[in-house]
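Quick notes on the structure that follows.
Per-chain numbering from 1; labels A, B and C assigned in written order.
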């Protein structure tokens, strides 16, 4: 049995196979409380599959994992109360307004009515969306949608938030603001688990794991990784490892 | 041309990878045809009836036996009072009660007996069929008892059934099912497939491609056209092999007319997709705006001659009405273009109109 | 329970915000109800016929006058010969061709028996049989008229047994009394099934379902949130449709409306459960729609509305045991037209409730938060 003392995520030999294809191959790692944990990999490396298993959207084929103190097989619904998730696809309701989306998600996470009102006002102010509160989400520019989606993913103060390529397609300024939001979430004690294929973003993480062909090839702080491979940037580190991928075309 | 082919190929991938839709698409008409061909007949079969015999005796027992001996009726209850009868109707246990009044025995010999047939009129169709079948049984019984020694004037109607001598329901359903399937695949599927691309946003990629709007439309609808014609041929084959409903007229002419109707439906489908923004809307529009009127106002199920005048007028704008006349004439009557050129012209006109309007609307969207 | 409130709020917002869907949900069905009730009339009123009278006698003329006077038949012309009559059938000018042979009057007087030829377009077998029975009815009553006249006999002796037909609950045999409840049943079924079948799949296609699946929301709550709005819409539609049927078509309401609506409320659970079940295993809205369409068409055509269930062979009659639409139509007719009571309908309630429980269990099991 894994002990989640100071670790909020522990995974041991977590594996997912589809037929004879192994999407995620026995990954083992631990994430500390309040850490920003980067999950790096090329498209198709198995990042999304891994994150879906950790969130309870997909059953692992084998291995163990414990999220926020709960077992991934036996207590998936308890896990869900303690995590937030932002998927690769935009998943707020386009035909609801900004306010309505906030109220809906806050509501189904069981926040009290007064809390919902307070958070909603605070959140809209924080994002500078005062003039857009009553607009349909479908009408917002992509960058704002992503920031809104992130804020909603942590509206219930989860212990961990999983972000699956949250910044893809977003301009550099918005990306910087987005990372600002990630830092302040982490400062509040929320553990951040983020997948990305922007290698400059890897430098922002406390620790980074590198996925290649479903396996976790390495895991350490960005500085340690650069030193280990004796390369100047994370970009070079990544290229060095990914070049041996069998899955890339 | 190469671009166009690539585009059509993509559409075919969409269609053939969705095994479930394909299964329903081809399974549905066949299942419908088999069900209706076998399940719907012109005679009642084992309808539950009751007997309220207030004059038990030789004659009445003989008559009751004759009635329940037929395949039409099944004697489910002997009724002893009006209240029982009401209860039996209200609980749907019986559909008709044969009331044999007191003194029936004496009156038969005297020649002035009466029999009451009380049917549940909440389904007028069934009630009519039941009472007339029962009346026929009573009449035969009566004639047999009377014998042939009395000479009275009778006019004997000799009936000949044309185009469908065995009164099979398949003859009636095959043209209807073909019509509905062509409409369903061509109009409904097309409109949904286009709005799907709108919903998923992939349509924008097509808009910005160097393909002309007309090419995009043709590319989208071509696979469905091919699919519907295959489907229609399949239905005709099943009709011929299973129900021996042949195509009496020219097969070439029939195929030509089917193609024309497919064009009409595709035009409608594209038109719907230019109006609808979501698959749900497209579905509901094709369902309630196209399918229901096609099924109910085209003359497939309800004879147009029976409708009130305003509806008869409305039925003229329903393409399926004209196609149904054409297909029945070719398939069952075996007559040619000389008899159906008018209907063909009307369909041609409608097709030109729908395609014209939808291409225009599609272009406006692009700008 | 509180989460349910938010789910419901969201679903209602989305439904009422969809400007294209609203008229489709509320206006189209009512238009259909009105139009179809007028259209759906099996009673043959205008059987078109042509005549070739080769006898041209007083008697044949009298018989033809009887046809002309009948409200069921519509005269389309006198034919000069047999071939003209047959091409009138070919060209759809008439569905019935009556031929009176030469020496018709002579045969009837001398041989006591004469023939008359009826050629019927029987593509629609049911309509053809009906036309024939109306025609023979006219011919029969004409024969007995002739018998009385020529022999001076009282009517009784020519017809030893008189058959009297009576139709309870609908003495005028009005089709609308059958069609209004029937069409209403179809409309609520279609609206309920299609909306619910496409709804969850839509969230799958757009991707919002993932966001829902990572929340601690329970499967049952989620499905209730999906089901309830459509349930409300369907019940409203039923009430609205019935009101229109009552006001415009004067359909009788002999039984208890509470009984009727309690039944419909359980029935809608069957339909919506089935829709959500379909939604659970379909991958795209297209698939969901086709499956729903497939099911509805068969349900509707085998429901006994258009062709009586008693007209089907035994195996097909048994198939109607699993057809919820057949149950609904039966109950609507019983309660509205016959005034059946709860005690008389209790088995129907038991059956539909079992059906509902089964469908809801399937729906809950079919929806997976994790794959």
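The definition used in the following text is that a contact is a pair of C-beta atoms (placed from the backbone, for glycine too) under 8 Å apart; a residue touches a chain by one contact, two chains touch by 3 or more.
Quick caveat, the model's predicted, so the values are computed rather than measured.
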- [ ] Could you tell me which shape the graph of touching chains takes: line, ring, star, complete or other?
- [x] line
TODO: Please state which pair of chains has more C-beta contact pairs than any other pair.
DONE: B-C
Task: Interchain centroid distance [CA atoms averaged], chain B/chain C, Å - done: 12
Open item on the list: I'd like to verify one number: the distance from the centre of chain A to the centre of chain B, where each centre is the average of its C-alpha atoms, in whole angstrom.
Closed with: 56
- [ ] List, in ascending order, every residue of chain B touching at least 2 other chains.
- [x] none
TODO: List, in ascending order, every residue of chain C touching at least 2 other chains.
DONE: 18, 206
Task: Touching residues (chain side chain C, partner chain A) in the complex - done: 2-3, 5-7, 9-10, 13-14, 17-18, 206-208, 210-218, 369-371
TODO: Write out the stretch or stretches of chain C touching chain B in their complex.
DONE: 18, 20-21, 24-25, 28-29, 32, 35-36, 38-48, 63, 89-92, 108-109, 112-130, 132-133, 135-136, 139-140, 142-143, 146-147, 150-151, 156-158, 160-171, 173-175, 177-178, 190, 194-195, 198, 202, 205-206, 282-287, 289-291, 293-294, 297-298, 301-302, 304, 306-308, 310-314, 316-317, 319, 330, 333-334, 337-341, 344-345
Open item on the list: Can you tell me which positions in chain A touch chain C when the two form their complex?
Closed with: 55-59, 76-78, 80-81, 83-85, 87, 89-96, 100, 103-105, 107-110, 162
- [ ] Note which residues of chain B are touching chain C in the complex, please.
- [x] 18, 20-21, 24-25, 27-28, 31-32, 35-36, 38-47, 87, 89-92, 95, 108, 111-132, 134-135, 138-139, 142, 146, 151-165, 167-169, 171-172, 184, 189, 192-193, 196, 199-200, 276-281, 283-285, 287-289, 292, 296-297, 301-303, 305-308, 310-311, 314, 325, 328-329, 332-333, 335, 339
